[in-house]
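Next up, some structures in structure tokens.
After this come two complexes, each holding chain A, first together with chain B and then together with chain C.
Right, the complex of A and B next:
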């Protein structure tokens, strides 16, 4: 088996592009796309009129049916309603036509399909620090739709025979068309392959950025947050790669997107351009944190248990810029514990001890605090930590084991 | 545990395996199946013996794929069910071969690990190498194993092929080494089918002197 393929496949899905797009415009400096030039090319209730596009829509409808029925979807109505409202705010003229699905997959990813439905991975929600940041990603994806990037790239590349590849994939027949191995999240990954056939050029990514900045600014979000999202992602990828002593991750986000530095610079310039002096912008952080509060522990769990210490640690520290709390300290401890290098158990123990000092410390923090104390030979303190754990979580799945430890 | 990994990868990527074969055997090597008869057999590196209640298929990985202390069996094929044996994994060793440069890693075993730590190591195995997107601990309780104070761990997980699987592991750390027998199967039908086999295999387990 090809483990490398797995890594690449995970990353190659990022933001709806195939890795192949990387080579299209390497090293060519491009003039910045101006937000004011970004006029939506579709209006409300858009339906294709030409044959090739109609064919694609038909197949995409089947793809959407499959996705809508997947048991990887998170269907909590509060959360999905929140996302629907958000795309309603930053979706431009097509706002009411978009559909948005949330998949329980611990990766940073969001993708827009040619018919106007978007799939967001839960790993993306974990990484956003405010509603403005999430709105920025969604607006970027909306931009691809509003600027009709899928059909434009399709026609540019004149690869009409690929329609058969799409048909085959939508029918669930094959997944390796185009030579891309996408073995990981099968159902969704196959659809990722579908998307990779609509390779966005860097120019299109730049358009989507400019459009996105414009859309979120109009909706009253600070437009600079789009640049901040990129900064965070660059930081995370770099931290993960440095940790494993690599230059950077293969198949990373930046293979499909404009070079991070020029992109950052463009996003900052565009943000400054659309910012209206005197207007109040709200990043909606409190609203965002309350919307994801119920699933944040689960999302942290998903990330940290992947044992990618460089990325997880960076991520936790980034989230902690808005303030440390018991949850973040607990997961910081989990990062060290799973990393399991010399001295990490002591680091983890410190984090657990710090976590339980917060009133919002999760029950699990008390359990691990107890285990750390027990391993350090501090049995009586360990017992009281375990007792606290059982008080908070009387029907804990490991209660029998913990009771045995208490003796 | 190679099979355990393979389960998930095979399951998650029936197409991908073919697509990848041109790249070579990759990290996991080649493999085949061999019959396990109803008699006392050595498993893993030979320091553990068990008696299966009916014939099983031993899944062998060889070349560089192999972790010596780990052996995998299946009844209906790795998509559907499997039983894995860990026969004395040493401190500092891993359940699977992995590259140092992989972004996501299965934690290494340490002899001072408590059952919750071993359980977390298994959870990471499923998440990192198996592509599990949801993992639930159903119970962790004390259970004697091989005459030592061991544990029983029950869990279920939703994998990226959208199938729920369920498993049970029974293990103990003896003289600083991890001994473990683990079953993992599709939650509907197959779990219940091989659970009695698993229990009888666990009951039959003996350390070789």
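Right, the complex of A and C next:
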């Protein structure tokens, strides 16, 4: 019998655990995935052949049926056609197989499902400044499909949870037989398993970024725009946190995605790598803005009502880097008005006044401009603003009230 | 010696550790349909997967198809004994005169109401104003309209999910059981499990008149009970889920009173 040889000193275990955890922590910043290594793993018309993947596809077909019929979807054929064309450009070999759905949810998000359908949130469209930026996000999502990430991470999870279950059981039984308690080791192994699952997930995201950069560069979009998306997101998160007097959340060991900072840094390097000197790249801004023109007011309306003035203000100012217009000025005013701190009404009044100077000012900009003037005691100017509001929106729900105000 | 005694006690307990629970609720005025009635069965929501060694459920397309076929056959056989006319929708576009979208909306409405039933009748969030009132939920006018359009008396929703312990999971359980002999006893890592529920909607009133949940699971991998992949297992599931419909409280009381 060898009872003592399995005995472990608790101190050595803790020291060892500390070292292991420290090495994992440094593992958060993992090596950059090179775009040139990103070869699509599926061809056109891919269908799964193995049992585990077939099972997931069947489940996902059901999910797609639900999503395709969801009342959260925006189904304007012009817009959905635009998105379909875009994924057709940056979808690599599977370009013709993808389906893309637009959901009316005011958040920055997009996702690819294992069977090749993507869901884009309207909050994403609001934040993109050009077709190139949107193409970058869509190409990233295509990358998940082209690199078969879902089935690979499923298999990784299955393998690791299997190994852990067997090892934990063997440690228990073996330890009991040998007379040693290995529970501390088992707990450490559990943490290690969990951390390695998250790390695998981050590695997949890094792959999708590298694949995405390559795809949009090949389609003729400036690849640096993908890095710019992250720069904007970092700016927005910082602004939002500052307003709430909190610090922006940094990456942790339990993140499924790499931190925006490391993604931006890697994307910049990758973009420089795939850029061909002398080639003309087109960011397609005008095309993009005309495609989303019809829904931009709605998306801005959603955003300002999220009660996140820090983010909303940052976002509007970022979009305005491509030029202010009546719509953006009006919603700038809405951010101040809804924030309602001391002096915000005056700020809002300035924004509304600036908004109505543009020919594209929405009717509501005239309404709020009129109210601001009225509060300032400038009744005759207010009357003409209200009159303008009524000409633009004669069926407004408050038309009778406004008419009565004009007198 | 004590170790062996414990191990033996556990081995004796093993057959007990596969358990089946079923609990049904009915509208107080509910009488199980009998005789000449028309029943519409919405596409049965079936999924069968394999329980991996590490405890994940891996969906299996072939098993799911097989189970759905078996369940539909068992359902036809079961309903034939009650005398009803049955129509089972396999796709949402198979209901004449009703669009795919309407069927989808109807299904979603039921699942939302079903979740509420499960929360307030099964998961312990009991509603103080609904005590001893049986099942008091409705799908409203939409269900009545569907009944008028199609001429069906009842709609039945059915959900079944089954996970079958893989070879690795069974081996893990065996290892845990073996450990009992050396003092580390973990036979109950969890094996196959099944969760089924069904709801019956009266299309004349729109009310959910009957709801039943069957859950079956074995703590010890390797112990099987009604495997949906086999016709017998599916028939057993349909029997447990649907064949023991009890009338509502008021109806039972009235019957008891008339017998006295």
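By our rule, the second predicted complex is superposed on the first by the 328 of 407 C-alpha atoms of A that agree within 3 Å, B and C clash if a C-alpha of one lies under 4 Å from a C-alpha of the other, contacts with A are read in each partner's own complex, and residues count from 1 in each chain.
Here is the rule we go by: a contact is a pair of C-beta atoms (placed from the backbone, for glycine too) under 8 Å apart; a residue touches a chain by one contact, two chains touch by 3 or more.
Just so it is clear, the structure is predicted and the values come from calculations on it, not from any experiment.
In the overlay built on the shared chain, the residue A:245 is in contact with chain B alone; chain C does not reach it. By the touch criterion defined above, A:388 reaches neither chain B nor chain C.
In the superposition on chain A, contact is made by A:51 with chain C only, not with chain B. In the superposed pair of complexes, A:89 makes contact with neither chain B nor chain C. Touch criterion met: A:397 reaches chain B, while chain C stays clear of it. In the superposed model, A:59 makes contact with chain C only, not with chain B. Here chain B and chain C are compared by how many residues of chain A each touches, and B touches more.
Once the two complexes are overlaid on the shared chain, A:104 sits against chain B while remaining clear of chain C. Common to the chain B-facing and chain C-facing surfaces of chain A are residues 175-176. Of all residues in chain A, those touching chain B in their complex are 1-7, 9, 70-72, 104-106, 174-176, 179, 181-187, 240, 244-246, 249, 302, 305-308, 310-311, 337-340, 367-368, 371, 374-375, 397-398, 400-401, 404. Residues 6, 9, 12-13, 15-20, 23-28, 98-108, 110, 112, 114-117, 119-120, 123-124, 127-128, 131, 133-142, 151, 158, 160-162 of chain B touch chain A in their complex. By the touch rule above, chain A contacts chain C in their complex via residues 51-52, 54-59, 65-66, 69, 154, 157-158, 160-166, 169-170, 172-173, 175-177. Considering their complex, residues 47, 49, 52-56, 58-62, 64, 92, 100-101, 104, 168, 172, 175-176, 178-179, 182-184, 186, 189 of chain C touch chain A.
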